[in-house]
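This is the structure I want to talk about, given as structure tokens.
Chain naming follows the written order as A, B, C and D, and within any one chain the residues start at number 1.
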């Protein structure tokens, strides 16, 4: 019983972190058909910005909760900014290219960002541990969980809700859904796709940086964290079904729980469990759990 | 000639979720017929062709071709059985030349382990390909890249690729759609002349009633997934439901979207 | 027809010239060239799949398998003969490709890419957990022999170089035959308009299956050659960044011709080495920039400079037939 | 057909290149090209690569200016200035090693943090007959898989710090009867745990293992692991985590009191002391992979190094800095020794290599003697301490320095066999 509870809690904490990353990735793919490798860089940039700026804020001894607000603000802001620049500066010139080519372009961007980050922040680690312990912890049976982690679940839920609301209840969102469903049709319907692309990419990037920013207090921000994360995020979105937000949600919960279960029950499986789940799902549903419909008219 | 049945469709039904695309379709095609399939857009014409040629699996019903049951067989199998088709929008390989398209079509029928070594561009294949191209009068374009072709030629190439296997039944999905009005008849003339040189039976989907009356020996009229009329051209086109639901509609549409 | 003959002659001549280089080239160049050839072999496989619109983000899988076959062949079975090792690697490559291919040939587009990646990463996981195989550190490969003759380091590196040249020539010719073959074109056609191909009586899955096995074998041979050349194998060979590198090179060279793989591989090797030497803190920045620029200005790869590409449309833009 | 002639030509080439190397050695004027190889990009660069390079640069500068403290006051390596060539270990170690030696023509190499690189490079170094000093990689396989001529390692192997850790636990925490381990899932982590757990069970058979976790290298998130460890309580948790992973583990364990309720034993904890002093609970056992960093013994040489380093880089030198410096110093010491022996002021690389065998020399981290694996593998003192936060400053109390002969397998013995045999011949006072 205790084991089960532990797995569920750990699983959901891990899943919420995964979801915030995957949601951005999936949104961008859904709308723009770009499987964005540079998402890993966004994650890293978010982590670095928060670790350095928020780190400075706390060391300055200013009111702690203000720091939390600051974290969200700068994480989202830097993401939106970088996203905007990349979309306007690079991607928009390549929108007619094959999906795979876009993967490779973003792979190139990922490589470039690795060094750009190094040039901006150097290679030494950055820390901003204060927020992590700020909210104290909760005892569950004989186990202790950090409220900051539990709060992550809340944040993820909020992100999920906002995305759902944005896509289903707002005019822009409805347009986006039209584009996701059938881009050609959307264009003929006179939807200004280019504008939607900028918005989408900025929002998606902002989610990437947010994930990085939120995890920063719990880790040492070092070079390479972006590269590590990206394949993991891919596994999640592919499992859930590329371009589908529910897919990202279900995918991250599935993988989160699977990993937590592995660590608690069969530690030796930890290394495969993620790709194992992905492979299993793809064998039975080659396009993922919530695949976008793609029947071809002839 | 002997009145041999080559296609026999029994109680064919197809539903996409709630939408019924085909309901209780029964058709018998005898060798040598030239059948026109008419119907307004969304009447289920293409769905019918897609089911017969294996792209869609019918919800219920059976399709027998040359005596064997081909229900639910994949397009490849259907093609090898001798039933091929052309497409409303010509389906070609844009990266290849006209000849290469034909050669691929030729190779596709006999692909096996040896095909890893047999050069695509071999004398035998070329000969067959050129033969078919010339029956449809597009052999001059043989070495042109597909991307450079005019609509009419694209259509003819599409049909040539369907003909290279020497099918017993050829289904043409709107052979004249997408070509300029004044090219329609010449195009259809070439197609018919070409196919008549073989002993292939023809079914073609067509909106233009003049073409239908000129070439068809029999007409099948679709409306909302069902057959509302099936028989000699004059008789079907006189049917007042056909008039109301199809001919009228199409003429309206035609006048509407013709430039 | 004639044009084919020319390509064969060109390949053979190139290989012979390269082989003669053994006498004049400095030592470092020899092993660098072997390294280039090894990677090029894998890349040819990647390109074959690309022509069919399949981009494998997991070709490192077979690269690694080939490497470990050589390593283990030496350690467990005591095989050190260079030719035997290569044959051995090729066989295992075919077998594993044939098994995994059964699954892979069902996938298309991004899903093919991601699934191949997943399988490669699973192998990475297994290898880095097996202490018997030195986990992530991998293990060293015994120096090769020829016909049972022990060789000095110098002789070995010369032999490896010559074998690499021969291998490059043979496989280039075979690949060229494939390029021109019915399957070769069918694969290209399948990449451009799969539905149409089905309607012509072909089964794309089978075509992809065959091509996949070829690619796997090439990758295994590339890995084997690398293992022989480096004298060391490790799980990094199947890590996703390694597979990414192969795609990078494929794009650099372009899918226009067999030779393109070698051009791309050469350029990549030198760009990276010199970037590393002159900008040790920014080599990734340089590599990334090169990749993006290539995609922007040379969508058909460097080869398109030498020979304007015609039918690599699939990787250039959304290669869907009008539908 | 002309294979024979080609073979001859080529062997001639090799010989020639060998000659050239010596010839260069002879002319004392031209600088000694030293390849300095470590991770300068990627996740290992921050915690290991860059500090290492800093330490080495500091020493090299001092060697060139002749400003090293005694006994290294003579400028240069055998009179030759050192010209540094940096190579990033992050890509293709073997290929880049060949390039460094054959194309860029380095005379000697100091480097390699990853065991994988060391294993891969060693044979190549032998083949190219290039003096190569490994400064940081831990694997015991380098020399146990066969003797080397041109390869040396100037620091203890990874097994030693875990044997010492076991002894330290025994000495300071006799209440420890159950242990758990969390180590990265790759060679380093797996072997560290194996050597530690085996050693401790040798010294104290009743010790029982609770849980063994091997999260993915660079996983970054250890929530589930912390839970698993907390649920299956042990008296002590061993971890060979290093760099970012170590920091993340400490950060995520702290608020959940993992290392409060179960003593943490962090074999490379030394790097985290200053940055995460607030998160490390008192009583945590800290190691530094040897004798460097915060556990470096007091000496004038150490004071000098510390001061210079802080002056140059504005921070305390962490232990990787010590160990690469230690490796460069080996070269210096050997050159001086060779000079003294041969009388010539300009010994060539061959003489230096000869002098390196079995050399014993001073470093900021104390004495280093290459007296294992016939003079190619270093044996150094190795220290552990227990963490205590004294008015906000991190300190280490009851520090124990283990003599090489106590924790290092004697000449000729394979380390794992030695552990399993119960450390025969170990001299611990």
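Following the convention adopted for this analysis, contacts are C-beta pairs under 8 Å (C-beta built on N, C-alpha and C of every residue); 3 or more make two chains touch, one makes a residue touch a chain.
As the structure is a prediction and not an experimental result, all values here were calculated from the model.
The chains that touch both chain A and chain B are C. Common neighbours of chain A and chain D under the contact definition above: C. Central chain (C-alpha centroid nearest the global protein C-alpha centroid): C. Once the centre of each chain is set as its mean CA position, chain B and chain C turn out to be 43 Å apart. With centres taken as mean Cα positions, chain D sits 75 Å from chain B. Rounded to a whole number, the gap between the C-alpha centres of chain C and chain D is 36 angstrom. For this pair, chain A with chain C, the centres built from the Cα atoms lie 33 Å apart.
Contact with two or more other chains is made by residues 128-129, 195, 281, 283-284, 314, 319, 323 of chain C.
Among all residues of chain D, those that touch two or more other chains are 40-41, 185, 214. The set of chain B residues touching two or more other chains comprises 55, 87, 89, 91.
Chain contact summary for the complex, chain D toward chain C: residues 3, 6-7, 9-11, 13-14, 17, 40-41, 86-88, 91, 94-96, 98-99, 101-104, 114-116, 119-120, 122-124, 127, 139, 141, 145, 185-188, 190-191, 194, 214, 217. Residue ranges of chain C in contact with chain B, taken from their complex: 1, 4, 177-178, 180-186, 188-189, 192-193, 195-203, 206-207, 210, 310-314, 319, 321-323. In the complex of the two chains, the chain C residues touching chain A come out as 50, 55, 103, 106-107, 109-111, 113-115, 117-119, 121-122, 125-126, 128-129, 195, 240-241, 244, 247-248, 251, 281-285, 287-292, 295-296, 299, 314-319, 323.
Taken in their complex, chain C has these residues touching chain D: 22-23, 26-28, 31-32, 35, 128-129, 131, 134-140, 152-155, 157-158, 162, 230-232, 234, 236, 272-273, 276-277, 280-281, 283-284. Here chain B touches chain C in the complex through residues 53, 55, 74-76, 79-80, 84-85, 87, 89-96, 100, 103-105, 107-109, 111, 115-121, 145, 161-162, 165, going by the rule given at the top.
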